[in-house]
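The next part holds the structures, each set out as structure tokens.
Shared chain: chain A. Partners: chain B in the first complex, chain C in the second.
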Partner chain A sequence: MFNMPVMNEQVHEYAIVTKALNREFKVRLKAEGLLASVRNFFSPASKTVNAVNDLELQINRGDIVGFLGPNGAGKTTTLKMLSGLLVPTSGSIEVLGYTPFNRDHAFLKSISLVMGQKQNLWWDLPPVETFAIHRQIYGLTDAEYKSRIDELIAMLEIADCLETQTRKLSLGQRMRCELAVSLLHQPQILFLDEPTIGLDIIMQKKIRSFLLDYHRRFNPTILLTSHYMDDVAALAQRVIVIDHGNKVYDGHLTDLTNKLHPEKIISVLLNDGEFVCKLEDGCRLIHHEGQHYRFMVSRNRVPELAARLYATGNIADLTIEDPPLEDLIGQLFTPDSQSR
Partner chain B sequence: MRQASIILHLWKATIIQSMEYRASFVFAIIANFFDFIFGLLQYLVFFTAAKSIAGWDSDQMLVLYGVFMLVFALHFILLYPNLVAMGDMVNSGNLDLLLTKPINAQLVVSFKRISLEELGSIGTAALLLGWQFYRGIIVADLGNFLLFGVGIITSLLLIYCMFLLLICLAVLMERLDNMSQLLWSFFSLARYPVEIYPNRIRYVFMSFFPVAFIATIPASALLGRASSVTVWSGFALAIVGVVGCSWLWRCTIKSYTSAGG
Partner chain C sequence: MAMFKADGKFAVLIAYFKIILTYRAMMLIHAIRLLLLPLVLASAWLSIEKTASNPYSDSDYLLYYLLVPVIMNLTDSRVVFKFSQAVKDGSLNRELLKPFPPLMSYLLESLANNALQLLYLVPFTLVFWLFVRDRVLLGHLKPSLLLFFVVAIIIGTLARLVVSGSIALLSFWIEDVTTLNLILNGGIWALLGGMIVPVATFPENIRHIAELLPYRYMLSFPIEIFSGRLSNSEIYIGFATATFWIILFAIIMHIIWKSGLKTYTAYGG
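Up next, the complex of A and B:
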């Protein structure tokens, strides 16, 4: 299912290397009550948050790496440091041989940072205007610009969005235009921070298949964070899990999901009555409330069980999902998995 | 050169954008024109009562007003919209994205937007100065004109320093409303000749809080009343200021924490 080029064993030049990378933030503590607020105004209480802790990364050129972790784990902070936006508190970073924070133009020309919640596009202008500005920023010739933009328009299917003001585009259209802007200069490294956030399933799929297609054609190194397991599953062979700024897993995704969480959750809502099926191996009830049931089911048995549930004719609704990412990460700390 | 063409493209985009809200654009132009006229009336009313203030008679005061308006309008066209947009740039994450692009961020932050609403004021200010020239209040003297040119550049550079200081503050504080108000009170000090202030304050206004160089000195140069030493030392001060403030900007970006995401 992965259309990835086979990693070349001889090439040992990494796209990204970090050593003992740390980033701290001073966070001001909010005081409650008027008196405390006033006191806090004059001598603010603060604490230090270690957003990233001694992170060691080595990422090969051309790889797609998924960056997973619960909220506040330090994913975005790491991407910001790798793209030169934030200065590390300590430790070293080398991206394509550059130190990101020096913000060499040659470095910035070869990366792109896409953040699901932040946008390049000018709100009141059609995307073409933003494209034109980026063409200038990256110093593309007419011919380069024309051929690249045409290709991106075709791949992202955004031909009919270009002349519409950005504020009138749907979220999905905007995100695709946003991707086109970010890829205009054909970056060697692409940092994607939750590129599918807020999109519906169909649009998420579209973006994923675009990214795969793009990667096949241009082979950039891609570092991707997402809260959707499916994003990571579809795109990355390698995943890095961080929690509270610490790296807790680095390896193949399939190993992670199979070994740590060989199960999926099936939720069903019955039309009426009670659930009568007898539970078998590889399937256990984890939650029950009224007509609503949740089962933890072995991955390989999901299709068959789902089919059988439907066959009862008593199903109002049925969904299949991965266990929450938080559970998965919790599992990384169980003694069983730590021996790996 | 590439940087300049990027700025031109950004200007084009802001102009298209302001045309989007045509009614408010036209309204702003009219409002600004009346602002100018009311300012002028204030002077005229003042001089029906007094013959001169602090050694400036009414004709010379009109020159000062013309110079002040010229500088003010230039600031309003080039810098002001960028100051207003700065808070938003930080909060929306636009600054984050800008910093990942191969472009001089200080330049873009300073000149990304342009507002043509005060373009009329430049014309009116030029008319006012032209009229005073025609009446012989301003004498045709190459030396004076040269000093005036240097004085205007000094004035603009100093305003740019103030602007950059406020921009840095906005980035550091992550939020700072009414920054433009601060700049405007600076301007309101510059509206009158510094000679009206007591000696000690005047000294301050000529040195580290250089209000005098905004309008009084270029206007004096135009009237042939400024010493070239003063004008050139102001210029040197302004260069040092711009270099210093640019350095401050780089430090600010280093300590920028980029919230959100």
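Up next, the complex of A and C:
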């Protein structure tokens, strides 16, 4: 008996398709004690939260898609449904032709979900032992295992933490080992839920460039959530923004940033004295505290303005940055922009 | 090695052996816990005046409580605690994402734990036995009896596992199943399984009820076989009764699992 659905024999244009996907949570009002638990078992007192609302997704094979939204938007819930952990309340999901919640082994062998740093790693064992267990579970041959593990160890630079008990590893080491375990079976789809959370800038960059490199070599479909603008900017060509379970944007990241925020922020720290330049069109002061100033500047005027600031000779420090992703996303959720 | 399919079960079992061995102190504490109560109960039963209707002699009581810790351990499964924790903290997620039977991991952990616990329990039991050796009669032991004994332990382990498993799976709905477990699988088991009072010494009508319920087969039954007090037909009836309960609870587990997964909200992340 093959467990493969008939659908799977066709070559799928899309890696992921969802139609009118909904997920509600009944949030149970907590019951105290056994008696109340038993009563609650038969007639639960609860309220309903709509975590995901009529979500329509079509994601091409081999794409990297950034999944954005404020806290509680429904990103993680969506990933859990796509990976088969959660059953949808209604609507349909097809991932590589499978219905995720059926959890066919062939399906599970072709995906990976990375959610936090101790999802897959055995806490009490060194990573190398988790690798060996995964090798058995996913039925890799010696040759496959050897070449893949060597490659991942080199790419992720984890040779020195393989023999250390996982609980003793640093966050960054653990995250990289976690990625290695999750990629050992070479999934066709990789779901990443905030893969760089809690990591320092250097480590974030390492993870990002690893993911790009890995994608270039093996071309998996990657769906990633992150709160860091840089992650999304570096990795995803396409972003999907959701808020309160509703999709509010789907398209190129550059279109989104240009449309929503045709400006950058210039932060300046003066050596001494006050700022004397007069503010012109396309430049406004958004923050001022002592010697520290922050300006919002039109993108096209940034180079010129920065040069002029340096020319004053009174600059101790100057940085140019994109507005925080949260601000950007926040704009999508104001009533007037939603009517678009 | 052609017969052995390397699908990860063996690797997971070995992993649990390794982990449990790093927690040796915990095992010792657990061993003491397992040994203490039977020791107290044995001395209580030895010190009281036996009534005429009591079929157990001092020798019977000694043998019974010598074996209780070992059997208790073999059929003791921590799945309830482990599983309810996994549902609460979302670590069940990781089991659900692997191409591996999701409950297998809990089963193998329990198995590894019980097996390793024997490293403490067997020597302790032998030492106790040395002390009371001339008061315990073992002359009746023969190979067929030992075979029945082993089969009864396996059946008892399975019975305990499916009953515990069914309670564990209620974690999908009930936040704290440990209380329920304490009553159904702890209290009732201790009373009707023969922990406090050996089932064979129950009053006639209560004994009949106990023989119909699954609890006796998780503790008293293997020891009754070992002590040579059961006829072959009594043994077969016991096996049949226990098998009935195992099948029933396995079906119950399957049903609870299927509907439980639909209510599972996969915490974490």
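Criterion: the second predicted complex is superposed on the first by the 264 of 340 C-alpha atoms of A that agree within 3 Å, B and C clash if a C-alpha of one lies under 4 Å from a C-alpha of the other, contacts with A are read in each partner's own complex, and residues count from 1 in each chain.
Going forward, contacts are C-beta pairs under 8 Å (C-beta built on N, C-alpha and C of every residue); 3 or more make two chains touch, one makes a residue touch a chain.
None of the values given here were measured: they were computed from a predicted structure.
**Q** Is A:N102 in contact with chain B, with chain C, with both, or with neither (first, second, both, neither)?
**A** After superposition on chain A, A:N102 lies in contact with neither partner.
**Q** Let me test your reading of the model: by the given contact rule, A:T141 touches which partner, first (chain B), second (chain C), both or neither?
**A** A:T141: touches no partner chain.
**Q** First (chain B), second (chain C), both or neither: which does A:N71 touch?
**A** The answer is neither, since A:N71 touches no partner chain.
**Q** Contact-wise, after the overlay, does A:F41 reach chain B, chain C, both or neither (first, second, both, neither)?
**A** second
**Q** According to the stated criteria, A:L85 is in contact with first (chain B), second (chain C), both, or neither; which is it?
**A** It touches chain B and chain C both.
**Q** Name the residues of chain A shared by its contacts with chain B and its contacts with chain C.
**A** 25, 76, 80, 83-87, 103, 105-106, 108-109, 111-113, 115, 119-120, 122, 124-125, 129, 132-133, 136-139, 193
**Q** Please give the residue numbers of chain B that touch chain A in the complex, ascending.
**A** By the definition above, chain B touches chain A via 2, 5-6, 9-10, 13, 16-17, 20, 92-94, 96-97, 99-103, 254-258, 260-261.
**Q** For chain C, which residues are in contact with chain A within the complex?
**A** 6-8, 10-12, 15, 18-19, 22, 93-94, 96-100, 173-176, 179-180, 261-262, 264-266, 268-269
**Q** Where on chain A does chain C make contact in their complex?
**A** 25, 30-31, 34, 37-38, 41, 76, 79-80, 83-87, 103, 105-106, 108-109, 111-113, 115-116, 119-120, 122, 124-125, 129, 132-134, 136-139, 193
**Q** Residue numbers of chain A touching chain B in their complex, please.
**A** 25, 76, 80, 83-87, 101, 103, 105-106, 108-109, 111-113, 115, 117-120, 122, 124-125, 129-130, 132-133, 136-139, 165, 193
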